[in-house]
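Naming follows writing order (A, B and C), and every chain is counted from residue 1.
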Amino acid sequence: MNMLLDGFIAPLDDFLAASVRTATPLALAALGECVTERSGVINIGLEGSIICGALAATIAAGSVGVSVGFAAGLTAGLLVTVLFALFTVYLRADQIITGTAITLLSLGLTGLLYKSVYGSTGVGLTTPTTSAVEVPLLSSIPLVGRALFAQPLVTYALYLLVPAMAWWFFRTHGGLALRAVGESPDAAMAAGVQPRRVQALAVLFGGAMAGLAGATLVLAQSGTFVENMSAGKGFIAIAIVVLGRWTPFGVAGAALLFGAASALQYLFQSLGWNAVPYQLFLVLPYVLTLIVLARASGRTAAPAALARRELTLG
Amino acid sequence: MTPATRTALDVVLRLGITLALTAGFLVVLLVITGYDPGQSLRALVNGAFGSWYAITSATFVRAVPLALTGLAVALAFRAGLLNIGAEGQLLAGAAASTAAAAVLGSSLGAAALPIILLIGMLAGSAWAGIAALLRQRFGVLEVISTIMLNFVALYAVGWLVRGPLQEPSQIYPQSVALDKALQLPVLLAGSRLHVGSLIAVLLAAAAWWWLRNTASGFRLRAVGLNSSAAATSGRINVARVSVSAFLMSGALAGLAGSVEYTGVTYALYENLSPGYGYTAIAVALLARLNPLGVLGTAILFGALQAGGSAMQRDAGVPIALVNVVEAVIILLVIAGDRVRLSLARTAHTVTPESVPPST
Amino acid sequence: MTNTNPTASALALRRVHKSFGSVRALHDVTLQVRAGTVHALLGENGAGKTTLMRIAFGLIAQDQGDVLVHGDTMRNHSALNAIANGVGMVHQHFSLVPAMTVAENIALGEYGRFDAKRVSARIRDIGERTGLVIDPQARVSDLSVSAQQRCEIVKALARDARVLILDEPTAVLAPDEASALLQWLRGFVAENSNHAVVLITHKLRDALDFADDITVLRRGESVSTGAADTFTESTLADAMLGPGDRAHAVESEVVPTITRHTDSVGAHHVVLQADALTVHDTRGVQRVKKASFTVRAGEIVGLAAVEGSGQAELLRAVSGLLPPSSGRLHAPADVGFVPEDRHRDALLLDASLTENFALRDAGTRRGRVPWTALAARAADVLRQRDVRAQSVQVMARTLSGGNQQKFILARALDEAPAALVVENPTRGLDFRAAAAVHDALRDARDAGIAILFFSSDLDEVLTLGDRVLVMHDGVLREVPREREVVGRAMLAAS
């Protein structure tokens, strides 16, 4: 009996830990995008910030150290969105098109730079990684203890960030200004808020967070850089924001769900249930997002001015 | 100078400036990353246009799916629909054609080919139809839903080529090779240029004529320009026009997948499309959403991809460079547009309070 | 708060110039608003009133000249700066975030922590002190138009505004609501000698009855300024319109008491008839409640209502754009419709005039579009209806507002529909363009077309309408064409 239970407990434990681990970079990028979208800008170029963050983190961590790697990833993600902000906030170019171009640009540039830095094969490239830090006592809670409290520091940063962001959104004038710009830039402007500055800052914050997400992919997970390793995580982050209904706690929950879905395949494999194709788990979150969107009648919760090009007063 | 020649001159001039700036950027980038720009660019140009074979079998062959998906995006954008889902619709088309070919086998001979293509179009349409339905019934932004559906399509193909559509030996994640009789005929002997190129040209011309001259084409444009005015002052059924534009767009992208399958790859596998559906956005935009222009820009991007492959092979420059060049072209075009627009605005700004009395 | 000299200026603009590209919006305008007074800024649409006040409030920058608030010159002026200096502005199209609550809207633009309870308490406090009562937790999108306006004023007061700028505040209100607001403004300036109000209006009566001082703008220049009691309706009209247009001005301001086409009423057949018509809007809210009316061939029926009373849904139902949910509607197959929002609902701004002309039949046309014939037809229409455009190939965007409206009306009237429905026919037009639109509507009436129109300007309803319908909260009734009666019916105070 105990043996049988153990047979389930161990994989389940691993599954929960893997869920949180996989969710961490997704949550970082999605929380950033959540702020960006609240200001009325949708950054499809998020993917670009993630991949650039990943490469910068690889280079910096390899030559200096892990913490510098995180800082480099954040900075690279930020720099990519400077270009995006310039085009969308100041030139008022179409956000979708600019974002698509930025993604292309970043995937291309990182591919190119990676090969010119590490040679054409890049075989055997590994970077130092952060190790998990176990929180005493908490990590020994059955089942969820290890999943939640034996993670790298960057995950713990999220535990603080999510409530802090929720508080900031709804309990500060800064959060008020952000939401107002996303709903009605004209009204915000008449109240003394500067919509362009708010949007630019929101976009840059989103880029920095995506860069951090890219760094996390390398420094807390894979330990190596691979071309196109962002693998659509920028788009997944956008889906997470939608699924999370544009609130920090919602986004965190949705990120965990996406993390769990991709971890589920490993659980099934370790349990020997190979009859279910693993693509089903990968597809599940996207389908779920579409269903949630449809049930909640999409636009009602979305910022009213999302993806709008003109600030009519500007 | 007539307005038409002035517009044509303007377009050519702007294209020239864009390409010159891109080439300059490319040289700088090659120097920075330590490649020989002369050798690399020679390889690029030769790979795309260096020989009759390069033009027809490399550039044109790659231009075909770009032209079809480019048309798909152009039609959708003209109708005001941000269909980012051409990639998923293309995969749906390719997958459905593969399934159709498997079912039909060689029983009908070459007569099965049109059926296979048609089924691909229908599948692309259906895939786009999901996004259209979500938009119409539930107000889900199509930007988001089409991106989601791209991933669903990608994973679905991943499953199909390891499951129901996998080749009999079950070693490779791809479908069985397409029967010779069901392959799109080659157009020019000695090249790989297939009949799909002819289909793309005919469809581009048809789309151009239809948008310009027919009532239904005008309805699509009116809805795209201002859906509220189209409904109120044109009494146009906006929902119907939007949905049919979405379905048409999906059909074109689906056809791109079918044509790629029956004309080039002869098998379904995960990386069947190197992001044609995403590049299509650039193709359509650079053509200013003009269906005839799409043919030109598809050849340009086809040449870039063909030349990029050659550059990787002959000069060791990573193919990723092509992505960079494409992105730079898009950004230059947008920047140029926005700068022109703001110049035009300062020249005649019209605000409600500054409208001169209509004497 | 220090008590300044009552004759000191609360707000002053000195020699202000402003151009938008090649268009001169303001030329050498000086405005002195004395503390403790209501100052009316009078002028036609397009005279530059709003531009001037947006400069005063820091929303746009002047090319030349100074803005002074309580004697201090504003440098690097911005809305934030204006607010910090005690200036508040109530915009014509309200600047509230519909998805947010009253409290959130009022707190918007401040810094630090947002304490909803404290802001709500402050709003209640202001309500008790000033009588401007509003629920802090209500969503702005759920408020009536007059409550939204109240919210705007409370927003300004919550930031200790001493100078209030109101842009056409009475345009959206029923007459009784309007006079209550104007009375409140008088009380506001009387309460503290530091307070002042700038009232942007195009209504002579409001300026004469409620303002201490009046400044008149015409085509971007200040043409006359002085104490209100030094003006009369006729001198103000002269100043606003320039000497040439005087005769027209009287016609547009004074309501004729004789019904012009009495003889034709009854002589013509009924074209539009509604019996107990009920209409729900797209969200399923019942907006028109059992409305019954008739419009005959050759008459203009005016509809008066406060914004949001269901008039928009009624007009759209009659035009065949919104299906009624119950009742009977008798209407011809072709009802022309001219919506109030030209840019949103009537024009493809980035398409040619020919294409805009083709838009009218776009929904029903089949096969090929006869572009050559349509271009010729559109050119004819431009000529006949005096629409000023370089050619039919230019973008609709390049036309002035007046010419756009004339074009839209001409398009609706082409091929003489049996009935025409018009919504706010002259919104945003200057006097000359408005007069041309009125003439076109009267000509159409005389040609036998049945016309139903709504205007949020009561004077327009009374001037143009042969008969008057009033709508309040979805309930429609016909009333005598008398200003007093119509005004009261708009608030349902019968």
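Everything that follows uses one rule, which is that contacts are C-beta pairs under 8 Å (C-beta built on N, C-alpha and C of every residue); 3 or more make two chains touch, one makes a residue touch a chain.
What you see is a predicted model; the values in this text were computed from it and never measured.
> Let me check something: if the centre of a chain is the mean of its CA atoms, which chain is farthest from chain A?
Ranked by distance of C-alpha centres from chain A, the top chain is C.
> Please tell me whether A-C or A-B has the greater number of C-beta pairs in contact.
So, comparing the two chain pairs, more contacts are at A-B.
> On a C-alpha centroid basis, what's the spacing between chain A and chain C, in Å?
It comes to 46 Å between the two C-alpha centres.
> Any idea how many Å lie between the Cα centroids of chain A and chain B?
Distance between chain centres: 29 Å.
> Two or more other chains touching the same residue: where does that happen in chain C?
Not one residue of chain C touches more than one other chain, so the list is empty.
> Under the touch definition given earlier, write down the residues of chain C that touch chain A in their complex.
For chain C paired with chain A, touching residues are 59, 78-80, 82-83, 89, 91, 94-100, 104-105, 107-115, 155.
> Within the complex, which stretch of chain A touches chain B?
Against chain B, chain A makes touches at 42, 44, 83, 87, 91-94, 96-98, 100-102, 104-105, 107-113, 115-116, 120, 227, 232, 235-236, 238-239, 242, 277, 279-280, 282-283, 286-287, 289-290, 293-295, 297-300, 302, 306-307.
> Flag every residue of chain C that touches chain B in the complex, lowest number first.
The touching residues are 20-23, 25, 45-46, 48-51, 219, 320-321, 337, 339, 344-351, 355, 358-369, 371, 388, 393, 397-398, 400-403, 408, 411, 428, 430, 432-433, 436.
> What residues on chain B touch chain A, complex-wise?
Counting only chain B, the residues touching chain A are 29, 33-35, 82, 84, 130, 134, 137-141, 143-145, 147-152, 155-156, 158-159, 162-163, 278, 281-282, 285, 316, 318-328, 330-331, 334-335, 337-339, 342.
> Could you list, by residue number, the parts of chain A that touch chain C in their complex?
Chain A residues touching chain C: 170-177, 179-180, 183-184, 186-194, 304, 313.
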